Structure formats: structure tokens, C-alpha cells
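Each in C-alpha cells, the structures are laid out below.
The following pair of complexes shares a single chain, chain A, combined with chain B in the former and chain C in the latter.
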Partner chain A sequence: MAEEAGTGLVFHPMEPFKIHSLFSGEPISWYEFFVPTNTTLWMAIGVLAIALLMVVGTLRRAIVPGRVQSVAELAYGFIHKMVEDVAGKDGLVYFPYIFTLFLFIVFSNFLGLIPGAFTPTSHIAVTAVMAMGVFVGVTALGFMKHGSHFLGLFWVSAAPLALRPILAVIEVISYFVRPVSHSIRLAGNMMAGHAVMEVFAAFAPLILFSFVGVIVTPLSVLAIVAMYALEILVAFVQAYVFTILTCVYLKDALHPGH
Partner chain B sequence: MANETQAVEAAAAVAGHAAEAAEKGGMPQLDFSTFPNQIFWLLLALGAIYWLLTNIAIPRIAGILADRAGTITGDIEAAEQYKLKAKDAEAAYAKALADARAQAQKIIAETRAAIQKDLDAAAAKADADIGARVAQSEVKIAEIRAGALEAVQIVATDTATAIVTALGGKADTSAVTAAVGQRVKG
Partner chain C sequence: MEGDIVQMGAYIGAGLACTGMGGAAVGVGHVVGNFISGALRNPSAAASQTATMFIGIAFAEALGIFSFLVALLLMFAV
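Moving on, here comes the complex of A and B:
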């Protein structure tokens, strides 16, 4: 079986996630943090696309917006409303940070769907920095705003007194797990979908080597199309989930009462 | 036994292969040597986006939305005022229409009265005229009738005289006249 696969099919589902220097194509060492890589390129493309949408698209400041300006306003309104609805009016001060995160993730996710592109958000290093940023920022904010009262978040006053210490332990653990789930959810989703497409793509040329390919090749092409459609959904939903969770965490910091 | 060793060797080979593959392929996500690079560029990218948003995009879009809200409220207010104006205009129009109608009725009544008056006067005058003419005509008719009687008497007298003469008699003018007068009257 393994030998049969070895004759023609090549499985490298992790190949597109590899990071290498943009100019030499070589892998980089840990101290070469300033070397532009493929992730640098696609982050830069993302920043450029965001600038095109949010800055160039709104240049005309039209009262009756054009297509690009409509999208920019839609994105603004979407996140602005989300922050206001979830975190409350006093959460709007942090709207620029949340909007930054949303735009970076949504553009990274969608640009990564271009065949041959690299997806920065499929890397745990990227999502973990963002999630840790949210976690540290929100925790610091909670203590700054409420001092020791912020610990009331872990003390479920609605529960019977005997249960409260146990619940407090659970609440503390769940609180510290937040950045882990927050970051792995995004990176895992982006990586898994792309890897599955890679696997199907590896099966696609089977028709060139084997008679079985008559059935397998069309099926895998269909599967790639279906996965791609799903990934378009996932690209937006994961950006949405990351953003709304950030809002929820912000709400906990601003209003720690249960 | 031989089979067993073979199987173990095969398993070891597969495991070695897998380990090699993991080392070579592995998850690039867990390749820590790329972390500093990714984090550096991520922070740069996020900083750039944040700068763009806070310095340009967010104030601009907030301004656009405020302008639009202002324009819409202004337009709605203006529309409300125009509506009020339209209502006033409609009321004025209706009033003007009613006034005009009343005026028209009045004028019609006045005109009708004036015409009636003229008509009555004209009719009275015509009646008087007609009466005068009738009287005149009656006088004339009476004259003509009287004239006709006289003429008949003269003609009859002349004729009688002529007949008497023609018969060889000698007409006594006064006798004839008296006879004719008697006959015509009778």
C-alpha cells in the first residue's frame, strides 16, 4: 500500500505552511526575525488590502457611498455594533484595537484562500500573540478598573456557599485556558481546512498512474471544491468568533459581575 | 520466529520513516525557530493597521456616518416643513376655491337679477309698443273700413246711375243716392 502510493502520489499536506526567507527560499534561523519571509509578504499584502479598503475606498467621503466605501462602512458598523452590544458603551474606547484584530484576521484568512498564498493566521505563533495580547490586556484592564473586585469574576455569588470554592477553581482554570482555546481555535481551523484540501489535491492526479483514478480523481476535485466553499465560510466565521470572544472577554473585564 | 523478527524490523522501519518524516515534514507551526520572525512581523503589521485605522480610517468613516445621519435628519425635517407648507397651501387653495365658488354664485345671481330686470323692462316696453301699434292699427282699420263703405256707396251710386242711363232712363241723382244709401245700409 505504502509502496503503491510511493510510485506516483506525493503527500505533503504541511508543505504550504512552511516558512522560508522570501528572497533566498531557505528556512530561517531563530535569530533572523527581521528577514522578510513568505508570512511577511502575505501580512504586507493584507495591510495593503486593508489600506485599499479602509483608506483609499473612503477617500471620496460620499454621502451616498460607492461599492468599496459601502464595504468599508459595513465592516466598521459590524464591529462597532458588536463591541457596543457585547461589551457595552464603555467598551467602545477599545474599538480600534478590536477592529485592528478583526481586519487582520479576516484579510489573512481570505487572502490565504488564493491558491499558492500563505495564511499567517494558520500559525499558532501569530494567533497566540494576538490571544495573549487580548488576555493580558483584558486582565490588566480588569484589575485597573476594579482592583481586587475583579476577582469577583471567579466568585460565583449566585451559587450556594459550599459550592463557591469549587466553582472558583473551575472558573480560574477556565479563565487561564481562554488564550489557549482562543488562539488554537483560529490557527487550527485555518490549518486543518487547508491541509485537507492539500490531501485531496494529492489524490487528484491519480488518474495519471492508476485505473482507480477514473473514480478517485473526479471525486477529489469535487471534494476540493466543496472544501473550498466551506473554507470561505470558515474564513469569515473564525474571524468573527475571534472578535466576538475578544468582546466577551472585554465585557468580563469592564463588568465583572455575573 | 523468522516472521516475527521480520515484522518487528518492518515496524521499526515504518516507525523510523515516520519519525524522519515528522522531523523533515513535521508541523511547521511547531517550528520554534520561525516564531521570533512571525511575531516581529505580526506586531509590525498590527501596528501598521492600527495606525491606519486610528489616524485615517476610523475618524473618516465616523465623520461620513455622522454627516449622513445629519443629512438624513435635515432632509426629513425639510420634508416635514414642506409637508406643512403643502398642507397650508392646500387649505388656502380650498378656501380660495370656496370663495371663488361663492363669488361666482353671487355674480350669477346678480347677473340673473339684472338680466331679469332688463328683460322685464324690455317686455313691458314691447307690450306697450304692441298695444300702441294695435290701437293704431285698429284706428287705421276702422278708417279703411269706413273708407271702404263710402267707396262702395259711391261705386254703387255710379253703377246704378250708369245702369239707369244704359236702360234709357234719366237718372235722378238724389233719388239714386238715397236708394243706394238705403240698400247699402240695409
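Moving on, here comes the complex of A and C:
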């Protein structure tokens, strides 16, 4: 990443987010969807880790759960309660999909924190697919369940009549902006945190080149530690937020009345 | 000196767009601050409203994300 040039350090904080072929290390073109890349590798590791946790965790089905079973049960119960609280009892039919989303995001985020690892969720291409899946699915569900009554979501009947057309425009805009904010929130948070750590990491070896490094290097190492701790929090919170927003959108589709 | 004035404008615009994130910071701080002050008045009701707080944070943060999006578009798409 940081290589020595004539005058100092040349680095680019976006370097770790480059997608390249796993075997040749070359950047890939858009049509080479069959080439395994670093992002597909880490997605596969994430999926394997989830499968391992869930299969091993539920293998013995002990009444007094062991460590792995406790984690599996805790994750299951946590999301189950969230779906029930936010989307309501009839939202529980869609619990497997939401639980899958949560586990994939949380595992991608946490595996991406391993130094040298790649975070698939730091790419808008990955999160946009998940957000568009939620958006299209929820919209189709709303129309299937309620037909044209689903459009009542945009017609705020609690507001005064004169205000309703203006509110309808705002509601339509905010509805169609959902997948944008849903996907970029996750990708932006993951990418920005890692990029900040990269910037500090680029300052860290300054002690080798300049006297200023005596001050800058310890500060930047401390900053990396602090950012890393924050990133552990952010990795969980962003998965939580993505999941809870999915539940909120699901609730809007199941009960569109304001 | 390389590049042209359009690129310079795009970079300045991207930097200016980042000021929108300050607004998102104020918004998120407001949401959490009010949640804490409410939670300290009635701690027994706090746990049931944590999810609501996170939804509020997410909506407040969305506007900051749009400024980030504008910055990204100016940097890489224009």
C-alpha cells in the first residue's frame, strides 16, 4: 500500500478496496463474472462461517446450551424479537430472509476487520443488490397484499386536505430514495471507517523518514487502535440498522395505513 | 499543474458537499441526546424504545449519506 517515492510516502487510502482476480491479481472487467475475486472469496468465507456457526451450534440441541449454541440461539432470538416488535406478528413469515441478511452483513463486517481481509459490504455493488432486493420485494408484497390500497401509503389521510398533495410528492420521493440510503449507509460506513484507518496507517511509518515522526507515529498508532475499537461497534450497529430498516419497510408494506 | 477548471470545481464541490455531514452529525446527536435525557427520566421505559432510537438515527443519518453520495458522484462520476 505505502511505497516509498522520491520525496516521501505515496499511498492511496482506497487501495484495499480494489477488486482483483484471486489468482492472477489483475483487475477484472465487468463481463468476467465467473472469475473468483477477493470479494467473492470473503463472501464465501462469511457464508461458510455462518453455516458452521448454525450447523455446529444446533448439532447437539442441548437443553443447557454450550458456547456455540448460545451464540446461535442469541442471534436467532435477537432478530426474531426485532422482527416481531417492529414488523408485527404477521411479519414473522419473512423472518428467514431478514435473518439471512443480518447474518451475512454482520459476518462480512466482522471478517473484514481482520487485517488483510476484504470487506464485501464496503462495496455499493454488494449492498445495493441487498437493498434493491428488499425494496423490490417489499413493494411487490405491498401491492400483492393490498392492491391499489398500498398507494394510500403516499396519501397521508391524517394531514389536512390542502397539504396532502404536497406531502404525497415528498412521500413518493422518500419512498424511492429508500434503496439509495439503505445501501449507501452500510457501504459508506464500512468504507469510510476502513479508509480512515488506512490514512492513519500511512502516517504511522513516518518515524523512518522524518524527525516529525517521533510525535506523529505514536499518535497515529493510537488513532488506529481507537478507530479499530469504533469499527467493531460500527460493524455491529450498521448490520443492526440495515436489518431494522428492512423490518420497518416490511411493516409499511404489511400495514400501509398511516 | 494538470487537469482543468471543471475538475477543480468538482473537487471543491465534493469538499463542500462534505459539510452536509456536519448536519447529519447534529441530527444524530440530537436524537441520541434526547433519547438519553428521556431514558434518565424514565429508565424502565428506555429498553423498549432503543429500536425506535436506532430508526431515528438511521433517518437522520440518511440526509448525511446524500451529501456523501454527492461528494462521491463529484469525485468519480462527473
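Rule of thumb we're sticking to: the second predicted complex is superposed on the first by the 252 of 258 C-alpha atoms of A that agree within 3 Å, B and C clash if a C-alpha of one lies under 4 Å from a C-alpha of the other, contacts with A are read in each partner's own complex, and residues count from 1 in each chain.
To be clear about the criterion, a residue touches a chain if its C-beta (ideal position, glycine included) is under 8 Å from a C-beta of that chain, and two chains touch if they have at least 3 such contacts.
Just so it is clear, the model here is predicted, and its values are computed rather than measured.
A.B. asks: In the superposed arrangement, does A:Val86 touch chain B (first), chain C (second), both or neither?
C.D. replies: Touch status of A:Val86: second partner only.
A.B. asks: Please name the chain, chain B or chain C, that touches the greater number of residues in chain A.
C.D. replies: B
A.B. asks: I'd like to know which partner A:Leu74 touches here: chain B for first, chain C for second, both or neither.
C.D. replies: A:Leu74 contacts neither chain B nor chain C.
A.B. asks: Touch test for A:Val180: chain B only (first), chain C only (second), both, or neither?
C.D. replies: So A:Val180 only meets chain C here.
A.B. asks: Once chain A of both complexes is superposed, is A:Leu208 in touch with chain B (first), chain C (second), both, or neither?
C.D. replies: Neither partner.
A.B. asks: Would you sort A:Val35 into first (chain B), second (chain C), both or neither based on which partner it touches?
C.D. replies: first
A.B. asks: So, A:His12: does it touch chain B (first), chain C (second), both, or neither?
C.D. replies: Touch status of A:His12: first partner only.
A.B. asks: Examine A:Val241 and indicate which partner it touches, taking first as chain B and second as chain C; both and neither are also allowed.
C.D. replies: After superposing on A, A:Val241 lies in contact with chain C but is clear of chain B.
A.B. asks: Is A:Leu230 touching the first partner chain B, the second partner chain C, both, or neither of them?
C.D. replies: Touch status of A:Leu230: no partner.
A.B. asks: Per the contact definition, I'd like the list of chain B residues that touch chain A in the complex.
C.D. replies: Within the complex, chain B touches chain A at residues 14, 25-46, 48-50, 52-54, 56-58, 60-65, 67-68, 71.
A.B. asks: List the residues on chain A that touch chain B in their complex, please.
C.D. replies: Counting only chain A, the residues touching chain B are 2, 12, 14-15, 17-19, 27-37, 39-40, 43-44, 46-47, 50-51, 54-55, 58, 61-63, 65, 69, 72-73, 76-77, 95-97, 99-101, 103-104, 120, 122-126, 129-130, 187, 191.
A.B. asks: Would you tell me which residues of chain A are touching chain C in their complex?
C.D. replies: 82, 85-86, 177, 180-181, 184-185, 188, 192, 237, 240-241, 244-245, 248
A.B. asks: What part of chain C is in contact with chain A in the complex they form?
C.D. replies: Residues 51, 54-55, 57-58, 61-62, 65-66, 68-69 of chain C touch chain A in their complex.
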